[in-house]
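Scrolling down, you'll hit the structures one after another.
In the two complexes that follow, chain A is the common piece, with chain B as its partner first and chain C second.
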Partner chain A sequence: MVTRADWFVGTVTEAAMLTRTGRRLLVDVPGWPGNRPGQHLDLRLTAEDGYQAVRSYSIASFGHGQAVELAVDELPDGEVSPYLVEDVIVGDQLEVRGPLGGFFVWDAEQTEPVQLIAGGSGIVPLVAMARAHHAAASAAPFRLLYSVRTPADAYFADELLSLVDASFALDWVYTRETPSGWPRPAGRVTRELLAETSLSASDAPTVYVCGPTGFVEATAKALVALGHDPQRIRTERFGGS
Partner chain B sequence: MSSHPFPHLADGVTSTVENVDGNALAGPLSALFAADLTTALVTCRHCGDEAPLATAVVERDDSSDIVICRGCTHTLFTLHHSPAGLRLDLAGLAALAAPPDS
Partner chain C sequence: MAVISRGFGARRRESTPDLPPGQFLTTDFPVLSAGPTPEVDTAEWEFLIRTETGDEKKWSWDELQALPQETIDTDIHCVTRWSKLGTTWRGVSLDTLFAEVETSYDFTMVHSYGGYTTNLPLEDLLDGKAWIATEFDGEPLEPEHGGPARLLVPHLYFWKSAKWVRGIVMHGDDDPGFWEQNGYHTYGDPWQEQRYW
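Let's look at the complex of A and B:
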C-alpha cells in the first residue's frame, strides 16, 4: 500500500469515553485509501478566524475501510486534545492527512517474534498491530506489555484480553496503582521488569515501543542494556516528558 | 468548518517545544515529496552516522521542526512552516537514501 498522503474531510460517526481522560473517535473519511497497522494521520483544526493547529494521531484501525478509528488522551493544558475529547460531537467534521509513516508499522508477512511495549495512549498503533496479527491468524509470537497509571486508565482492555491465545501474550505494568492482590508494587518499567515480562533478546524479536517521549527513551535504553539489537527496536515518540 | 468551532485560544497560548521523532515528519514532508521519507536512511554530515529518518530526534514547535542526529546532536535539517509554505534547510545532511522497496 504505497499511497501519497492527502488531506481529506472526515465526519465523526462515533464518540465514546474509553477512560477518565481518553476518548475513542470513529471518523468516516470518504476517499481514505486505507492504512497499514501502526500508521498515523495528521489532524488539522481551523478556528473561525483562520488560525490552524495540526497534531498527529495514531490509527487503531487498519486495512482498506474508510472508517478511521482514533483514541485521544486529554492533556489538561493542551490546545487540541481537550477539543477532541470534550467538544467534538458525532456529525462534526475533521480534516485529516494520511495515511502516514512507513517505519512504525507491522505487516502480516512478518514472521519473526514481536514484542509490543506501550505507555499510556502509545497503545493506539499497537492495537492496530495486535488486531492485524489476529485477523491474519498470524503464527508469529506476539507479546504486549502495556504500562498504565491505574487499571482504570487502560484503553481497549477487554478487547486486548480477548486476543490472548497461544500466539498473543499480554502483560501489564501499573505505575501508580495496581489491582488488589497484584504481585508487584506500582512502579515504572525498569530493566528488571522488562526481563521478567517481555521476550528476551535471545528470541531476536522486533520490538515496537510507543508512548510519551520519556517512556520511550527509558524503555529503549533498558532494552539495549538487556542485549536487544538497536536495529530491531522500533520507536515512536508522542511528545511530552 | 466544524459545527463545533475550534476555539482559537491565541493570545494566551505560548508555543512550547515538543520532543518527538522522525515519524512525526511523515505528514509535513508529504507536502514536498511523494514517497514516504521516514524509512529513508539519512547520513549526518558531522559524525557520519546513518539511520532511518524515523529514529532522528525532532524538536517541534509551531513554526519549525528541527531534525537532530541521535549520534552527535548536530542538526541534520530544519523544516520551516509559515503561511508562505514549507521550506527545507539542509544544514547538516550529507546524504539521504531511499530503501529499495519505496
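Let's look at the complex of A and C:
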C-alpha cells in the first residue's frame, strides 16, 4: 500500500523560467497517486555527503497523472529554492512525498461560486483549481484576483487569460508597476479594491487566498470587513524562510 | 536509498542538536492558519474547561491574569519545517487551570475562536508541559500569532499550540481535530517526525 510516508523518485522532464525568479518544473513521478487541486508535496534533496533538506511546495497540476508540475520562486536566502531555480536540469532526479493537505483544495463536485485570490507565487495551488474548473467544464462561477509586483512577475499569464470565459473571470492587481494605460495606479490590495474586483459577500463564495503572510493577513481581514463569512475563507500562507 | 542531487548542499543551513529531524532554523516567526485571523476582544474573552459531566470551569481575561504567571523559555517546531530556538513566552500553566477539574477522561479537544480545533492527550497538557500564553518576547501576543491567548505545548509540533484558544473539552477517545482530519498526525512529536498520517 502506498502511504504518505513513502518517498517517490521523480525525474525532471521540463524546466523553464516563468519570471525573473520563478521557474516551472515538470517532474515525472512513477507511482505518484495523483492529487486534488490545491494540494502540496514535500520535496527532498540529498547532497553527495548524505545531507538532506526537505521543503513543501504547492502543486500546479492535478488529477491522476504522474507528471507533477511545480512552480518555484527563488528566495534570496533560501537553501532549496535556489537549487531548484538555478541548478536543476532536465534529467535530474529528486524525491517527493504526498500529496499533502486536505483543506486548501477545490473539487469539481463543488457548485458554489469561488473567488481565488493570489499574491505572487501564491498562484500555484490556485492555477491547479482554475485548470480543474476548466477541465471539468464546471458551471460554478470562478473569479481570480491575481496580485503581482509588475506584469513581468506573473506566472502562467497567457494560460490564465486563455481560461477566461462565461464562468471564469480574471482580475489583475499590480503593486509596483502597471502595464501602460492601466486604469488604476500601482498599489496593494485594499478593501475598496477587493469590493471592485472580487465576488461580493452576497454571492456567498468560497474564497481561497494564497500568498505571503502579510498579503494573506491583509486580504483575509478585508474580506471579513466586506461581510464574507470567515468560515468560507480558506488561506494558505508562506513566509519566513 | 535516496537519490543524490548533483551539486546540492552548498547553501546548507546551520545545524544544531536542538533541531529535530527534517527541520530548519528560522529567525522569523512565520504564520500557518487555515483562515482569517479572528479579532478577539479581551473584554469578551473567556476560557473554559468542560468535563464529561457537563461541568464547566470558566475564566475571564482578568481572572486569567490574576492567576500565577510563568515565564517559559522554549524551542518551537512547526510541521512546515521551520524551528525557532530560544523563544520566551508568558502565561498560565494548564496545571493551574486543571487543579480544580475532575475528570476520568484521558483526551482533550482544544477549541479556538474562529472554529479551529486540535486534539491532545490530557497528559501532554499537564506536569509543566503546557500553558495558556498571552505574551511573546515581552509583548502582548499579536493576533496573527494567536493573540490574545494561545495554547503553548512546545514539545509537540506547533499546530497543537492552538491559536485564539477559547476552551478545552474532555473526550473519552482521541478524536481528530481540524488539522488532524486534514492530513496531520494525531499526536505530532517533532522528534519522531510525526507530521502526517
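Brief remarks follow.
Everything below uses one rule, namely that the second predicted complex is superposed on the first by the 234 of 241 C-alpha atoms of A that agree within 3 Å, B and C clash if a C-alpha of one lies under 4 Å from a C-alpha of the other, contacts with A are read in each partner's own complex, and residues count from 1 in each chain.
Please note the rule applied: a contact is a pair of C-beta atoms (placed from the backbone, for glycine too) under 8 Å apart; a residue touches a chain by one contact, two chains touch by 3 or more.
Quick caveat, the model's predicted, so the values are computed rather than measured.
With the C-alpha superposition on chain A as described, chain C and chain B clash in the combined arrangement. Of the two partner chains, neither chain B nor chain C is touched by A:Ser202. In the superposition on chain A, contact of A:Phe103 is made with both chain B and chain C.
Looking at the shared chain after the overlay, A:Val9 reaches both chain B and chain C.
In the superposition on chain A, A:Glu79 makes contact with both chain B and chain C.
Using the contact criterion defined above for the overlaid structures, shared-chain residue A:Gly91 touches chain B, although it does not reach chain C. Judged by the touch definition given at the top, the superposed model places A:Ser180 against neither chain B nor chain C.
Between chain C and chain B, the overlap after aligning on chain A sits in one stretch of 63-71, 99-107, 135-143 or 189-197, namely 189-197.
On chain A, the surface touched by chain B in one complex and the surface touched by chain C in the other have residues 4-5, 9, 45-49, 51, 53-54, 56, 79, 83, 87-88, 92-95, 100-104, 213, 234-235, 237-241 in common.
For chain B in complex with chain A, the residues that touch the partner chain are 1-10, 13, 18-24, 26-27, 30, 34-36, 38-39, 52-55, 60, 102.
Within the complex, the chain C residues that touch chain A are 2-9, 11-13, 22, 24, 26, 28-38, 80-82, 114-115, 144, 178-179, 181-183, 196-197. Residues of chain A touching chain B in their complex: 2, 4-5, 9, 40-42, 45-49, 51, 53-54, 56, 79, 83, 87-89, 91-95, 97-98, 100-104, 213, 234-241. Residue ranges on chain A touching chain C, taken from their complex, read 3-5, 7, 9, 44-49, 51-56, 78-79, 82-83, 87-88, 92-95, 100-104, 213, 216-217, 220-221, 223-224, 230-231, 233-235, 237-241.
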